[in-house]
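Shared between the two complexes below is chain A, which has chain B as its partner in the first and chain C in the second.
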Partner chain A sequence: MIDPSELSRRRFMQLGLNVGAAAGASMLLPGLVRPARAALPGISEEEAVIAFGHVGPITDEGWTWSHHQGLEAVKAAYPKAKYLEVESIPYSADATRTFRQFVSEGANILFSTSNYGDFFYDVANRAPDTAFLECDGRTLGDNLGWYYVAHWWPTFVVGVAAGALSKTGKLGYVASFPVPSVYSSTNAFLMGARTVNPNATLQAITINSWFDPQAATQAGTALIDNGCDFLFGIMDEAGYLQVAEQRGVWAAMWNTDIRRYGPNAYVSSIIVDFKQYYVEQVKARLEGKWAPAGTILKMGAGVDRDAWGAKVPADVAAKADAVRKDILDGKFNPFTGPIKDSTGAVRVKDGEAVDDAWLYNWDWSIEGVTGVGS
Partner chain B sequence: MDLITGILSTAFLAGGVLALAALGEVLAERVGVVNLGVEGLMALGAITGIATVVAYPSPTLGFLAALGVGFLFGCLFALATVTWRANQILCGLALTLIGTGLAATVGKAYSGTPSPAVFGRVEIPLLVDIPVIGRAFFAQNVLVYLIFIILPVGLHLLMFRTRHGLNLRAVGENPAAADAAGIAVQRIRFWYVAAGAALAAGAGAYLTLAFVPSWSEGVVAGRGWIAVALVIFAGYRPLNAVLAALLFGVITALGFVGQARNWPIAPAFLSMLPYLGTIGFIIVPVIAWHRMRQWMAAPAALGEPYFRDVR
Partner chain C sequence: MSYRLQRLPSAHPGIAVLARLVAIVLALVIAGIALAFTGARPLALGVQVISSTFGSSFGLEDLGLLVTPLIFTGLAVALTQRIGIWNIGAEGQFYLGAFFATWLGTSIAGAPLPLMLVALFLAGALGGALWILIPTLARAYADVNELITTLLLNFVATLLVYYVSTGPWRDAKSNMLASTARIRYEVPEFWGIVHWGFPVAVLMALGVAALLAYTRWGYEVRIAGANPQAARYAGMPVRRRIIVVMLLSGAIAGVAGMFEVAGTVHRLQGGISNNFGYLGIMVAVLARGSALAVIPAAAMMAVILNAGIILQTQGITTSTVLAITGLVLFFTAIGDEAAHYRLVRTGAQPA
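Let's look at the complex of A and B:
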């Protein structure tokens, strides 16, 4: 131990140098601090243990249900493997406990369907032989990767339809947390709507949950009372769709086709499909070819708009689909400057086009969006 | 719909849950039994309601089934606290744990699925055209009318205008004296506690069949505890309880309207409002009702099991 009373100036400087050198080395040469690892060794199907940690209940007919379909697809491809699945994991130390449990049961590959951050990384750091994949994550490690969907493209397409369908030009949005997924969703939606109605605005209500039917229902009601005639959001369930149906306004949803809960209100949905991705990842892990990577699934390969609702006029659907086709053909990037933030400052310069990696980390509201963050 | 009508409309809808649960708690506490199991009973009612309509799409049947389940668990609770004279606080907490746990287990299969049948709006002709209030109150579902008019008025008349009501209040105030006057103390306590529990479970069914309307674990979200606080705030009176619940509904509605209208208040603070309101509900009786204790006081024998031999 170092006794501070005997610490000479010279010794102190030396200490500082040592600390500085160590910090510098770890920044510049991570490979020296922690040995780089080759791909994890393969494993036979019979011995494989595949674990899924879900953020919500698999009966939600939304986000978690979609991920569960992914698990079912993997199961169909590798029926002899052992599968572990836990639902409704809270964002707390309970998550760490759950993931650690997976590891102690011998999980070879572990998917978490939401971003549990340090609760997840703590476990990943201590289980170097398990492959960890975090949905909506942003950190790469020796055995840690992430994946997400480029939902902003289909969201822009649905936004075009919203701009055409909304009479008041006031779009309502049920938001979860002020996080990049929500910023990119609200912003892309309003940008789409503004291609049709340049005066459209978007009002969001933040309910601090991805799955809280009663808060989403009340938020939807308050938005409609306030003049919004098109509801969108980023919820794992159908709450505000039912409100929209009752009140006779439009609604677009997320995750799955749930039009039967509001057949007249339903416009479309940001459909997610992780089946192919999950099967690929498990295949790579079993064959010993898995290496950590960050993957954003593109429109048409993991995320897309749903078939249009029954009451959506054909010309509106055609207009939005034309935009979708241009995006798919690579002819059109709607996320091209100038893009102004909510204070009016230009954040993306005129003519500058931003890519998926940039959009994935969008953390400010564009002009016209209110209610996300503050 | 204008601002005030919107807020009131949501307030009636949101307040209805609390009003019904609070009415149930008024029944139990008026006969001298504290039931802290409201939260668990509501969870049981909520899952019973949705499980019933999934099997058979009739919201009325779902609501009645919830009342039945609540009554059953109320009988269990009354058996423990009234017949066997166990500690009411501990039994109440146990009931909450059993109820929320059981509901979560049974509810796994229903989580997040919207209710296939819900109580629809019933507009009352003529009255619905009253400005401001008309659309807010007279265009709601049947349960709202039941909770805000029929039940509180009926219970008020029963408690304060009939001989039987005098008896039941006497049981809560001074069971020994009531016993001496020939009132069946245990029998009255037992059935009113069970009936109160039925209403609490009904409040849970109101959540899944009219208000939310879907089941998710934690759908009750502490409303059972808020209902217990409301009863104290309301001075153990049915009409007051309903008005207090309405006030609470307004507070809840303000949280969302505030965000929708972009009030310059942090969303986190607006989401906090219901809970801040509950703290207020606990503080006000201590300070303000002190002078009105003649009308707002708790039943004198509240929480005390009655033993005839120590009379």
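Let's look at the complex of A and C:
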């Protein structure tokens, strides 16, 4: 139990780690490590308390399930530690209450598997002896770091397949919120498709949730009614895949292999895998070597495309995989200018290649994408 | 000899408290048995909940922060109940209060804090009152059912806040994703993380209770609620009372939104209401429409909600926690109703 009187009111040191500003470094993260003070002291496995706060239910077979697999991997490595896990934490002051409860139960390291922003930082601020890690975060503090996946690379690869598979050239996208992870996803997807079909467009519907199977199903139906014959999205579950299966169009998914919900429609999925990252972070914390850092897991090491769907023609799969190999080999960066925004203005100059740190903060739609924010 | 149940117009206070305690204990016992079947250890969980909630100032601070908006929204609903009206729109009025406070708090820089706090308070109240204005006028002049109008405006308010916080007001510079910039003025904290919204909420509940109990205005509101025909016959301005009560109710819910954004969350975002508007209806029901009883009812609700969070960290799933919360409230409602009955012996027949 933490004595609240010990919780200092230190404000975060402004480390100035806005990744956007740090862009220009090589395409490589983790590299943004600036420990601001001595590492937190180590702790024995028996005494350790490891906490996970999730945005959705762990039975979603998607995002939250993947993070739960990460917890299971940590548990396998450190079976004697105590584990705390809460699912479906809302984006409200309830999140703060949940994180505070973790701290009061003695959490040594606390992962939030979505971006809870101030709800997370407010607690981190007052619990200097707990390591805080925020998925899709962008803030570093003495005891606060973040992590994410470079999903835009495999998304581009799947986009190449979508460009080849879509007959109408109208791609549908079930979006959550107009936030950078969605902008980079829609944009990368359409850029991939346009390498095959330069006239392809992407229409998105924003449903204000990561997990709302009913809204995702409705959005998928509306998109197909609108002429889209390939659905993609950034949902934690398989709702729109079932719609695609029923309506006989293609669909690509996120997080896990969920082809059984739509074996004919399934093209691929942006597969995420946080197991290794979580085990490393916990190991460092237990050994007293943990330092706050921002980490973006790269394609092939935490994020990748799934094995192609049964109905995807071999030549389409081969074409997309050739692009994937070029990216992995470092021969090809698809995110190279000129890139125009939805108003037609050139935002990335001709020949300029942008990197993960830049892509992580992408907050505008490219030409051809409609329906994501303004 | 036979017995029958007799309904009393109002329950004896002692019986009412007893009925509520019995109901809660029964609900917890049933939940405990169900949990034991799933392999959990209900007694250990109970001890954990109690020690986490009341055993440290950490838990009590959480409670203080959680109870604040519940008092406001519960009060907003309880107040309209006194005049026979259901304000189901506290959720929307909460959002509008937060919306107005955010607008003011992010657009003015460098003003002195005390002045701004008063301005934010008024802005929140104004936002809430404006949001209930149309249902109020429709109810007062066209007899349009306020249940529907106030409820439907909730969805409009929610979407409005989602729109501005992910669109025009979205904070592009900071690291927060789907929310506005941090508002420049914060309600100071007076105990741990608990800000001054808490005492203001308590004072407001006391004030409204006094207004209803000791003023001519309050008397007329109560009469108009109990029997509008009689009130009209007695020459009371029922329509004017309805208008003022509804606007005041909206303003109180708006103030809840203002304190949530300026005191607790500091940024406007889609999920900020946390269902406080709807929970306010539950609080008002638990308080049986009494402004004074809103305070303990909100406290009870806060303890239940907070216990839910503690249970979740102990590995009880969200849906189980929701089921337990529902069970407690359900039993409480039954207990409250049961307290209105007493067993009477029907006249003994002569041999």
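In this text, the second predicted complex is superposed on the first by the 338 of 374 C-alpha atoms of A that agree within 3 Å, B and C clash if a C-alpha of one lies under 4 Å from a C-alpha of the other, contacts with A are read in each partner's own complex, and residues count from 1 in each chain.
Going forward, contacts are C-beta pairs under 8 Å (C-beta built on N, C-alpha and C of every residue); 3 or more make two chains touch, one makes a residue touch a chain.
Being a predicted model, the structure only gives us computed values, none of them experimental.
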Between chain B (first) and chain C (second), which, if any, makes contact with A:Gly371: first, second, both or neither?
-> first
Contacts of A:Asp225 with chain B and chain C, given as first, second, both or neither | first
Could you tell me if A:Asn208 is touching chain B, chain C, both of them or neither one (first, second, both, neither)?
-> both
Is A:Asp118 touching the first partner chain B, the second partner chain C, both, or neither of them?
-> second
Regarding the shared-chain residue A:Pro57, is it in contact with chain B (first), chain C (second), both, or neither?
-> both
A:Glu47 contacts which: chain B (first), chain C (second), both, neither?
-> neither
Contacts of A:Arg97 with chain B and chain C, given as first, second, both or neither | second
Could you tell me if A:Ser88 is touching chain B, chain C, both of them or neither one (first, second, both, neither)?
-> both
Mind working out whether A:Asp129 is in touch with chain B, chain C, both or neither, as first, second, both or neither?
-> neither
State which residues of chain A lie in both footprints, the one left by chain B and the one left by chain C.
-> 57, 88, 206, 208, 374
Partner chain A, residues of chain C touching it in the complex = 52, 56-59, 61-62, 65-66, 162, 166-168, 170, 172, 175-179, 182, 192-193, 260, 264-267, 269-274, 306, 309-310, 312-315, 317-318
Chain A residues touching chain C in their complex are 1-2, 4, 18, 51, 57, 84-88, 90-94, 96-98, 100-102, 104-105, 115, 117-119, 122, 126, 136-139, 177-180, 206, 208, 363, 373-374
Given the complex with chain B, which residues does chain A contribute to the contact?
-> 56-57, 59-62, 88, 172, 203-208, 211-214, 217-219, 221-223, 225-226, 228, 236-239, 242, 261, 370-371, 374
Within their complex, state which residues of chain B touch chain A.
-> 1, 3, 6, 9-10, 14, 108-114, 207, 211-214, 216-217, 219, 221, 252-253, 256-257, 259-262, 266-268, 271
